[in-house]
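Next come two complexes, and both contain chain A; in the first it sits with chain B, in the second with chain C.
== the complex of A and B ==
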């Protein structure tokens, strides 16, 4: 033991102690959240996803440049931390190094240290170049980032200087392993005498160690909290891509409030989400609202919620949850909350698996069910769903009118069928979409699939109500529909609407509705693959396919609709700049179909511009809302005479006999 | 034959058409038809009521009745009715009619059926038909008990009779004691738009994006002026800035149900149809015969609205002039 031991130990214990105290506060705040979230199912899959995404950095590498940079820094730091550990040990107990592992192994380890330091330093250079020269919108300005880059860069420089002076001083044999430090040592070695070099080596070791300790103190209060939080957040992520919204139990009379009015009404996992956010802005890059000048950016939503949580720290820790301030403030205002189209691009883009949409929908639930605050144009939507079972004011008696003359039977007439065709409100009432349903019914007949519809017994699935935040109305409709389907012992359902598809497939199971659900694109691709349907007439046209969010990002179906298009002779499929899981929403999801879009550029116009860039003659889609929005977009761009918007069922019906 | 009192409505020195409808229906059924008119300086106006079937005209001249007020009107009408004791009292289901007649009914403690669309007279009794549940069901209403029975009748439901200017009727001056009134109408400030609101107008003419500019809405306005119609717009036209949002007809705008709806250059997206499909008669003008609006329309004109609309304006003008 030397003076170094006595200086280092108190500083180290102080720094780590304080750091632990801060982490403990963060943990207490997380635990104080009222919402529930059970995430310990399927542990093997969770371990697997953690290995792949944390150690393997797969999600981070989705964005190549920054991904490689991050991987270099991530792995670099893991290696360097073992070096830091050696420095701590050797400072506490003079002379104790890791050399006990044997000369050759130790040389290799030293080589790795040098390599890792170089990798991190290069990473820091790239990050600084990107942040200060390229300046992508996603990053914005961040004091935290400046500090972290300065810290990290200094750390690496300190390591190199330390090692160089060690080589020049007491440990010349290190030169064989430390190739970068050796190169530096040859330039610095002559600067001083051997003892001075040794002293300088020790000095830079201290510089390095103190920066590390500083980091330990700094991390819990900075965006670099992700170092600690992102791993657990990955382990605890929602595993399957298809996820339904969490139901509210209206039978539970002890529940005093629905949805989230305060940050603490959300769940502990939401807090872990904020802790995990590094503000990389990938969510924002893909957000249709942000890209059309709406006030919503998923990145700022997360940081604003985090700041709200921190601002209420004392009240939360004192257990005074009633005094916590409202979630809606000047940052997270109602325009932010209503701008979301629930396209889920943010969640798909997030490298640490933050779930933005759940928070927005929990806040909407509170606004709608507790405070009756929502865009005025939504009022008739709720009313129509209550009285007519459809967001549009049409009579349920007219539901089956689209099928007039097609000899389509209702379940009441014949329930001994292979599959129930779920028509949906758009298919029932929208003149444009009625044609899609007629085409799909014709396809089913050609493929000799025996099907029936529910006719006037069908009601809206409740999707719009649920996304807008009226969970009660959703559950009323869902339960009624499930009762109807179960009465007919429905096993299989096919629908041309991705919103109906998602709701029946992923959300009805919480209410006793378990069915084998197909979207019509899956069903048609299957019929083609099985040889039951073969397009024989050619369609000499360039077609671009617009992905529906509820088919793609919510249910991972990208290939099937494209297979339908490419099965058509002479049809040429071209992709827009944004497609598959990077696709841009049409603007109608999340209940936005029934709201006015008053702020910024219209999302459907932005998407239409991408479609027009491809010079395709047909914009194909497989969602009634997308078709409406894209048709409107093309009318706005005055391209109605040149470009047609069609459902893939219409394309297939035209080309089959 | 019943003794019927019809409360006349007038504004700016003109009687309302809805009053003529009531007079016509009552007279056609051979009833003893009394008209009751209230106001100041209305002697000349009162005479016109005879042309539409009034046998006797009760005139209440009173400076407190110069401008309509619910309080003064209901007091005055109640007093006249008490003295005259008719079998049936009718008024139009207009903002005015539905404002004062229920008050009168309450004062006299008698029954009232509102928003009636059909009347059938039987001796001294009346049976009325009225829609309920937003028009999904029609009910026939008969009245029980004694005392005058009352009904407000939806305008445009009965049809305006041809006036016979040779007819005259006995004018009876009535005096009423209004006492101290709690309210007084000082001034009537008119809305800025001369044209009626889309939700109230019996005829609505709407334009879509195909009008291409705000200026081109002039051709719809010309037609609207001839028909006394309101001018509406589709969401696309409002988004393009051709019309203000208050004119937007559709799911996210106003929901209208006029007697006649003329859709010009509107394709008929469900968002629009949801706002106007309950209109009694829908006429669509569009160049594309495939567009969905024709599915909802009673009459369709496949053609360029810039050619068709001015022709319509011209023809309606001719009809009006004759």
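== the complex of A and C ==
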């Protein structure tokens, strides 16, 4: 033991102790959240996703350049940390090294140390180039990032200098393994005497160690908290792509607060989400609201919620949850919350699996159910759903009118059928979408599929109410529909609406509705594959396909609708700049269909412009709302005479006999 | 302040009205019942007065069949304190309803303000608020689009014919019938919906409020549906010919000029 031991130990213990204390506060704050989140199902799958995405960096590598940079820094740091450990040990106990592992292993390990240091340094150069020269919008300005880059860069330089002067001063046997440091030593070594070089080596070792300890102190309060949080967050992510919203138990009278008025009304997992956020901005890059100048950016929402949590730290730790300030403030204002189309592009993009939409829904639930605060145009929508079971003001008696003359039977007339055709409100009442339903009914008849509809017994699935935040209304409608379907012992359901599809398939099971649910694109692709339908008439046209968010990002269905298009003779499918899971929303999801779009560019126009760029003559989709939004977009762009918006069912109906 | 609001349950505007087999009334099957939209305006106005005057009580009253209690619950969910339901059969006339409401109100300790909608959207007769004024012998102001509340007085801006307005001032107690534009009715919050489920609704019978079949001044003998709407006609040709044809049609077919 030397003076170094006695200087180092108190500093290290202080730094790590403080760091631990901060982490423990963060953990306490997480635990104080009121909302529940059970995430310990299917442990093997969780371990697998953690291996693939943390060790394998798969999600990070979705974005090539920064992905490789991050992987270099991530693995570089893991390797360097073992080196740092050796320095800590040798400082505490003079001269103790990891040489006990044997010469060949030790030199290999040292080689890795230098390689990792070089990789991290290059990573830092690339990151700095990107942040200060390229300056992508997604990154924005960040003091945190500046500090971290400076820290990391200095740390690597200190390692190289430490090793170089050490080599120049002591000429160790393993000098050649540290190939970068050795190269540097030949250039720096001659500048001073050997003892001076050795002393400089020790000096930079201390610089290195102090920077590491500084890091330990700094991490818990910076965006670099992701170093610790992102791993667990990956392990605890929602596993399936098809996720339903969490139901509220209205029978439980002990629940007084519905939705989230305060950060602490959210769940501990939401806090872990903020801790995991690295502010990379990939969510923002894909966000339809942000890209059309709405005040919502998913990245800022997460950091604002984090700041709100931190601002309320003392009250939360003192257990005074009543005094915690509200979420809705200058930053997270109502325009931010209502701008979300629930397209889930942010969640697809996030490399650390933050779930942005759930937070927005919970905040909406509080605004709608507790405070009756929502855009005024939504009130008649709720009222219509309450009285007529449809967001639009139409009588339920008219629900089956779309099928007039098609001899379509209702379940009341004949429930002994292969499949229930769930029509949905758009298919029932919207003039444009009635035609889609007529085309799909015609296809089912051609393929000799025996089906019935519910007619006036069908009600809105409740999706718009649920996404807007009216869980109570949603559950009323859901329970009524499930009661009706179960009364007819419905087993299989097919629908042309991705919103109905998602709700009946993924959300009704929480309320006793278990059905085999097909979207019409899946159903048609299946009929074609089974040879029950074969498009024989050719359609000599270029067709671009617009992905519906609730089909694609919510349910991972990208291939089936495209299969329907490519099965048509002569039809040419072209993709827009954004497609599949990178697709741009039409602007109608999340209840936005029924809200006015007053801020920024209209989302449907932005998407229509992408469709027009392809020079396709037909914009195909497989969602009634997308069809409405894209048709409006084409009309706005005055291209109505040149470009048609069609559902894939219409294309298939036209080309089959 | 003791505030009362009188409401009526009516078929929803989107309901397809069908007549019963002998055309003596409408067929109740499949009808979605809602609070008359003008009555929602009245409830909203009464809630705003209640909220501005601490210690006020707001009671919602409806006279009609048992189903009317659903609309009373809706008003309670919006924020009314108490409910009174006077059970009357279907198809009673305005006089019977007004007398029943007056009977119930006279049983109360005292009333300062009584709100109604300007009319119920089912029969659209717009009479109850005025007949009620007669029975209670207090002023009744109809078609109010703005109300200023003074000390023991109200100043109402009401719509009159020809797109004009008149201002009427009255001393309390007074009946005010609200018109569209007076306010935007609120959407009940969930805690209030839950609370409303537990609130008690006072149940009164016709006899309790001094109403009998003899009060029925109008009896409905036969109902008919309006003729189905004709499809629109599009005039073609040069503008002069179109104008000429339009004048001819307005004169000979529509008989409006």
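Following the convention adopted for this analysis, the second predicted complex is superposed on the first by the 655 of 657 C-alpha atoms of A that agree within 3 Å, B and C clash if a C-alpha of one lies under 4 Å from a C-alpha of the other, contacts with A are read in each partner's own complex, and residues count from 1 in each chain.
To be clear about the criterion, contacts are C-beta pairs under 8 Å (C-beta built on N, C-alpha and C of every residue); 3 or more make two chains touch, one makes a residue touch a chain.
Given the structure is predicted, the values throughout are model-derived calculations rather than measurements.
Under the clash rule set out above, the superposition-derived model of chain A with chain B and chain C contains a clash between the two partners. Using the contact criterion defined above for the overlaid structures, shared-chain residue A:602 touches chain B, although it does not reach chain C.
Once the two complexes are overlaid on the shared chain, A:431 sits against chain B while remaining clear of chain C. Of the two partner chains, chain C is the only one touched by A:369; chain B is not. Of the two partner chains placed by the overlay, only chain C lies in contact with A:256; chain B stays clear of it.
Within the superposed three-chain model, A:636 lies in touch with chain B and out of touch with chain C [touch as defined at top]. In the overlay built on the shared chain, the residue A:393 is in contact with chain B and with chain C. In the superposition on chain A, A:126 makes contact with neither chain B nor chain C. In the overlay built on the shared chain, the residue A:625 is in contact with neither chain B nor chain C.
Only one of the stretches 131-139, 185-193 or 203-211 belonging to chain C has C-alpha atoms clashing with chain B in the superposition, and it is 131-139. On chain A, the patch touched by chain B and the patch touched by chain C overlap at residues 393-395. By the touch criterion given at the top, residues 377, 380-381, 392-395, 426, 429-433, 594-596, 602, 628, 631-632, 635-636 of chain A touch chain B in their complex. Listed in rising order, the residues of chain B touching chain A in the complex are 136, 209, 236, 239-240, 245, 251-253, 255, 267-271, 273-274, 277-278, 292-293, 295-296.
Chain contact summary for the complex, chain A toward chain C: residues 256, 258, 369-372, 374, 376, 379, 382-384, 387-388, 393-398, 456, 472. Contact residues on chain C toward chain A in their complex (touch as defined above): 12-16, 30, 32, 34, 184, 186-191, 193.
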